[in-house]
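What follows is a set of structures for review.
What follows is a pair of complexes built around chain A, which joins chain B in one and chain C in the other.
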Partner chain A sequence: MKDQLNIPTHLKFRASYLFFILYNILIGVGIVEYPRRVYNYAQQDSWLVLILVALIAHSIVAITIFILKTYKSTDLYGILQETFGNWFAKLICYLFIIYFFTVYLSALAKYTEFIVVFIFPQLSKFIIGFLITILIAYSIYGGIRVIVGVSFLFFLLTIWVFGLLAVPASMIDTNNYFPLFNLDRNGLLQGLRVSAYSFIGIEVLWFIYPYVRNKDKAMFYSQLGVLAAVVILFISVIISIGFYAPKQLESLIWPVLGMYKIISFSIFERLDIFAVSYWIFIILPNLILYAWLITRSLKRIHQIKQKHSIWAIIILSAIGLYFIQSSIKLEALLDVADISSIFFVFLFPILLFPFAIIKRIRGTKK
Partner chain B sequence: MKRKSTKKKQQSLFPSTLEEVEKDLNEKALNSSPDFTMKVVETESNQRVGFYFLYSIIKPQVVYEQIISPIQKAKKTLDIKAIDNMIVLPNSKQESNIDEIAKKLLQGAVCIYIENDQSCLMHSVPLQEHRSIDRAETESLIFGPQMAFTGSIETNLNMVRNMIDTPHLKIERFILGNKIPNEIQMIYMNDIANEENVNELRKRLTSLQSEDIMNASVLSQKIEDNPYSFFPQYIVTELPDRFTYSIKEGKIGILVDNSSAGIVAPITFSSFFESTDDIYGRWVIGSFTRLMRMFAMIMSITLTPLYVAALTFHYEVIPEALLLSLGESRNRVPFPPLMETLILETMMEFIREAGARLPTKVGQTMGIVGGIVIGQAVVQAGFTSNILIILVALSALASFTTPDYVMGTSLRILRFPIILLAGTFGFVGIFFMVAFIIIHLLRLRSLHRPYTAPIYPFRFSDFDQSQVRIPFALNKRRATSLLPKKTKRKKSNADQHPLFNTKGKDIDE
Partner chain C sequence: MKMKIKKFFLILSIVVLLTGCAEERVLEDLGIITTAGFDKGEDGPEVFGTFITYKFSQQLSNVNSPIHSSGRTAQDAFHLAFAKTAKKLVTGQLRAVVYGPDLAKEGIWPHLDTLQRNQFVSDLVYITVSEMPSREVLNAQVFEEAPNVGIYIYRLLDQVIGKEEIVDSSLHEFIKNYLKVGVDPITPVLSIEEDRVIVTGLGLFQDDRFIDTIDLHEAFYVRLILDEFKAGELQIELPTENYRQFMEDFEPSPEEETFEITMQQIKSASQISPKDSGKYHFSIKIRFEGDIRELTKELDLESKEVIHMLEKDMAKKIEENISKLLEKTQELNVDSLGFGTFWNAKFKGDKKLTEEEWRKEYPNFQFDIDVTTEILRHGITQ
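What follows is the complex of A and B.
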């Protein structure tokens, strides 16, 4: 127990906020195209695949929290330092930082692409990215209290957007759901791989856990947060499959945004325009959490002030946005993020698991 | 060493003759004030007694009747103690330092000096002319007590004391302002207010380095958490009932001398949309108006930007039927929607500001001229569309529902950057700005307490006293967001309500 983090009490938050943090980091840009991606491989069995992956994700959360609990009140860096020593801990954390930045940049670029495609075809992605980065820096400057507040308030502000999907849900053709259980092994594996990408973000627990005040409830609320995200993903998959004709779903790039197109009110038509702009509220907590993760882990490793490292992120993301203006390059970046997520989200906790068990056993023997 | 030298100086002044004292006081300490007065009285025992005062700030009748005439009639030889004994007024003090004497004289004291004595006696009889207790000008109530704070701290304290007559009301006095000192009183309920809040506010007041505290509004800006924010972080209110209500709920009040307003701290964003009228009226009315004000606030800052964004970039979101009438009303307008809206909004602000600056009688005419004549003419001239007039009027109206004038104005000004962003980035611009405001609100604090409570940090149990107003029978506890010492209100009150004594009884029993 040499490296315990002493977070001042006024910076800690109730465990119930973990629900909003996990929900927000899981639901971001990915959900917009998820139904198509999983449908490409798993067809009508997509939702079964999702449930399978969700079960795995829940157990990953359980393992992560088990490990964190074993080491009392410290974050990933502290844990690695204690088990593997300084050098290795730094290496892994660097990998994590690079990974976080890749995810952050790809999400930012993806959202700017929505706007360019749907609303402003002539506008440079750079400007929208710049606007969003201002918001990110501004909230990072507010500290952990504001970051948790952002994920809480924006959850409340955006949850109804998914409620609007009730309109396309009322137009479902049930024939689209059949045939069921038609999945071969390759389809299942590919479907699992694609679905795994939707669970990028569970790693936030590694760094945010020390800030939780009542840690005994951390498990419950983080599982609940993941469950909420799974429910939203599940709804979007089910409605997409039912709403679109099979061939159509395969060819649509962003099926979820497409569904908003048919919703209209007496003073408001074409809700997809609104939804794309409103998506900024969904994407913002997501990006803020990633930016926080980067600055926080840099602070843990090198004691770099978060005030300074956030500027590095802003400059780097500006450079990054400049280089990935084209969709092809963005897809390449997303692929990198996706593939690395399998290691960082799913494999890493499992690899660390035995060490935690050993530590527990040793602890009880003493 | 230093001490000795000052002592010597003092000794050089007293004892001396009355004329010398006058010279020293008036020429050295008071820079030759024309209203400096000396009155010399010779008693029957042939002692010469001098009275010094500034006649503009003393009560002359009191001075002549209570101070000068008893001494004039005295038959024994007098010393300071005897004089003090003769005068029935409270608050006397012996003083021998000439600067201190001058300071007291400026605050409305009379200096009494027996010739060749060692020190003199100061009696405070200040004359403070203030307007009488009147109706509030900036905040209006329907049911509440129709009175407002006046400029005198004594009168204001008197009102507060009368409304909260319990020994638990604690009052702390500060003299602030390095150059022009002013009296400030911090008022709170000893048994309810959170000690951390009280200590924090006391620390801010005592550590405040300021030349001059003009009034409550200025003081509130000097002790804010974030002075750069466009939202006020304390409520400055004219209404004694709102002030005392907040104190009774565990907040802290500040009264400033020569200021007809009090400061309430700490507060939350939603308390700007509460009025004591919500409490005086029935709970349905109170809850409805509170929710309506919140809705109006959101509408007032987003309505015209949505118009600009929809017409500039996203005309496809407007349904066909509406698009036709919009196009009809806009077909003569030569400007882009952004400019059209800016023109009309600026005009609206002109009318508002003109109405606020002009005397009441002229102001009313101004409103009519601005509202009807200009509005009608603008549409006929083809400067703006009819629909925009409706929207601008609606959002202006909505912004006036905010009970706090400062907050209402801040929100109205906030509309301009949103309109500009809506005109450049459409919906994305609007949501960008809204997100910015939300993050800003999350960052703000009032006395280190979160500004957005009870929404974040989320306390569902506090919603019944901020966002809505529940019936008194159910209102058993104070809002916990302020962390008061006692959250429960007196238990007996709630239980005695007949509604709650029906346990186990059937209807008509």
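What follows is the complex of A and C.
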């Protein structure tokens, strides 16, 4: 037990907030295009694929929390340091930082793309991205409690947006769901692969776990958070399949935003423009959590103050945004995030699992 | 404290100044298009566009002055219209698009694709076809209280669709039905009568090509099969012969061969299920209930016998009309009711209809129609 993190009590939060953190980090830009991505491979059985991925994700959360519990109160860096030594821990954490940054940048670029396409075609992505990063920097300056608060608040602010999908849901053609179970093995595997992107974010547990005050409840609330995200994903997939014609769903880049185009109130005619603007409340906690993850890991490795490293992120993301103006480059970046997520989200905890078991067995022998 | 005030003003100035970064749009400087019409150009592959815009000046509000322009595509025609008005044309308020018959017969998908690609165009835009060139329809001078003929067309369609007379025909519906294998799109057909725009029926499409029109009477049955009614209205003709004995109390002997009965507050539900019998076989079950609103001959509605006879005869008549409608669609080879999708939702593998098979086989589809009607009330008189 050489590296136990001593988080001051005033920085710790109750386990129930893990629910909001996990929900917020899972529901972000990915959901907007998820129905199309999975439909390309799994057609009307997409929802089945989602349920399978969700089961895997739930077990990954269980494994992650099991490992973290084994090592009492430390984060990923501490665990790796204890098991593999200093330099290997640093290497893995660096990989994680690069991965976090890729995800962060792709999410930021994706959201700025929405704004450019739907609202201000003449505005540079650079400016929009810069304005958003100011908000992110503000939250990082506020520290962990502000970030947790943002997650909680924005959950309440945004959850009703998905309720609006009741309007397209009323226009569903039930013929689209049948025949059921028409899925071949290739479709299933490919569907599972593209679904991984929607579960990026479970890794947040590796770094936020030490901050939880009542750790015995951590498992329950993180599973609940994942479940909430799965329910939202499930709803959006089911409605998209019923609402669009098959070829239409395959061709639409953002089917979920497209569904808001059909909603119209007499005082608010174009809900899609509202939805795109309002989506920032969904994206923001997401981006803030990633920025926090990056700065936090840098602090663990090099004791760099988070208030300093955040500026490095802002500058780097500005440069990044400058280079990915076209949607093709953005797709390439997303693919990188997509493939690496399979390793960092799904494989990594499984690889670490045996070491945790060994440690537990040794612990009981002593 | 001083720091806080400083910070506050810093943030305030950022908020105020940055709003200038985005593009500004002054309402009065915009030519907000409410309806666009497209026709085939007089010579060559040109598209002739007609655009109706909002006018903000009070004095001119009752004069209809569409903007005309032609280009090689619909988008090109729209783009070239910029030289014909002092206002900046925008499409965010587009409510309806009217395609002329010549253009519609050649296929409207290329034009719809531009609309769909344009993020500023709502998916709720009504897609319609006109009987005469759309420029004539959009030249109508009577548009009631609407600010312009574009809004009038929108309100007209809204009202007609809201009254459950025809099925919905938004851009989204059209694209969905066009892209789906096993169903063809339908749109309302507009015409002009005494200088005002009217709806005359439904246009049947084969893929994206306009084929034929059915009138509003037949349109009722399209809706009866496709959708459910919550408060529809229907007029039906029944033979007088069987009812003579019940009419005698009121008038000696009616001369006409037939009489009319009007049903109101119609509630209906339909169920289409494909049957596997070696052929493409469908059973259509329709439950239909409503109130009698009008009878052209007086009948003894007190007696249960009459009500039962009416129910039975109406069911028969509706079945006849539906099968006539279906025969018509089979002759034209347009599966506007989407039987193909019902088939494909049930069967997979080899039995699934591909697009070519469906096109080839649709005229040979077989239908069992079974209608049950129920008369709930007969108004406030006997």
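Here is the rule we go by: the second predicted complex is superposed on the first by the 366 of 366 C-alpha atoms of A that agree within 3 Å, B and C clash if a C-alpha of one lies under 4 Å from a C-alpha of the other, contacts with A are read in each partner's own complex, and residues count from 1 in each chain.
The criterion applied here is as follows: a contact is a pair of C-beta atoms (placed from the backbone, for glycine too) under 8 Å apart; a residue touches a chain by one contact, two chains touch by 3 or more.
All values derive from a computational prediction rather than experimental measurement.
**Student:** Check the residue A:144 against both partner chains and state whether it touches chain B (first), chain C (second), both, or neither.
**Tutor:** Neither partner.
**Student:** After lining up the shared chain so the two structures overlap, which partner does A:261 touch, if you call chain B first and chain C second: first, second, both or neither?
**Tutor:** second
**Student:** Report for A:152: first if it touches chain B alone, second if chain C alone, otherwise both or neither.
**Tutor:** first
**Student:** Have a look at where A:227 lands relative to chain B and chain C in the superposition and call it first, second, both or neither.
**Tutor:** neither
**Student:** Please work out whether A:182 is in contact with chain B alone, chain C alone, both, or neither, and reply first, second, both or neither.
**Tutor:** A:182 sits against chain C, while chain B stays out of touch.
**Student:** Who contacts more of chain A, chain B or chain C?
**Tutor:** Between chain B and chain C, B touches the greater number of residues in chain A.
**Student:** Should A:304 be classified as contacting the first partner (chain B), the second (chain C), both, or neither?
**Tutor:** neither
**Student:** Report for A:131: first if it touches chain B alone, second if chain C alone, otherwise both or neither.
**Tutor:** It touches chain B and chain C both.
**Student:** Per the contact definition in the header, classify A:278: touching chain B only (first), chain C only (second), both, or neither.
**Tutor:** Touch status of A:278: first partner only.
**Student:** Between chain B and chain C, which residues of chain A are contacted by each of them?
**Tutor:** Of chain A, residues 120, 131, 264, 269-270 contact chain B in one complex and chain C in the other.
**Student:** Can you check the complex and tell me which residues of chain B touch chain A?
**Tutor:** Residues in contact with chain A: 313-314, 316-319, 322, 425-428, 430-432, 435-436, 438-440, 442-443, 450, 452, 455-458.
**Student:** Going by the contact rule at the top, pick out the chain A residues touching chain C in the complex.
**Tutor:** 117-118, 120, 122-123, 127, 131, 173-179, 182, 244-248, 251, 258, 261-262, 264, 269-270, 272
**Student:** In their shared complex, at which residues does chain C touch chain A?
**Tutor:** Going through chain C, the ones touching chain A are 18, 21-23, 92, 119, 122-124, 170, 172, 175-181, 338, 341-342, 344-348.
**Student:** Can you tell me which positions in chain A touch chain B when the two form their complex?
**Tutor:** 13-14, 16, 115, 119-120, 128, 131-132, 134-135, 138-139, 141-142, 145-146, 149-150, 152-154, 156-157, 264, 266-271, 273-274, 277-278, 280-281, 284
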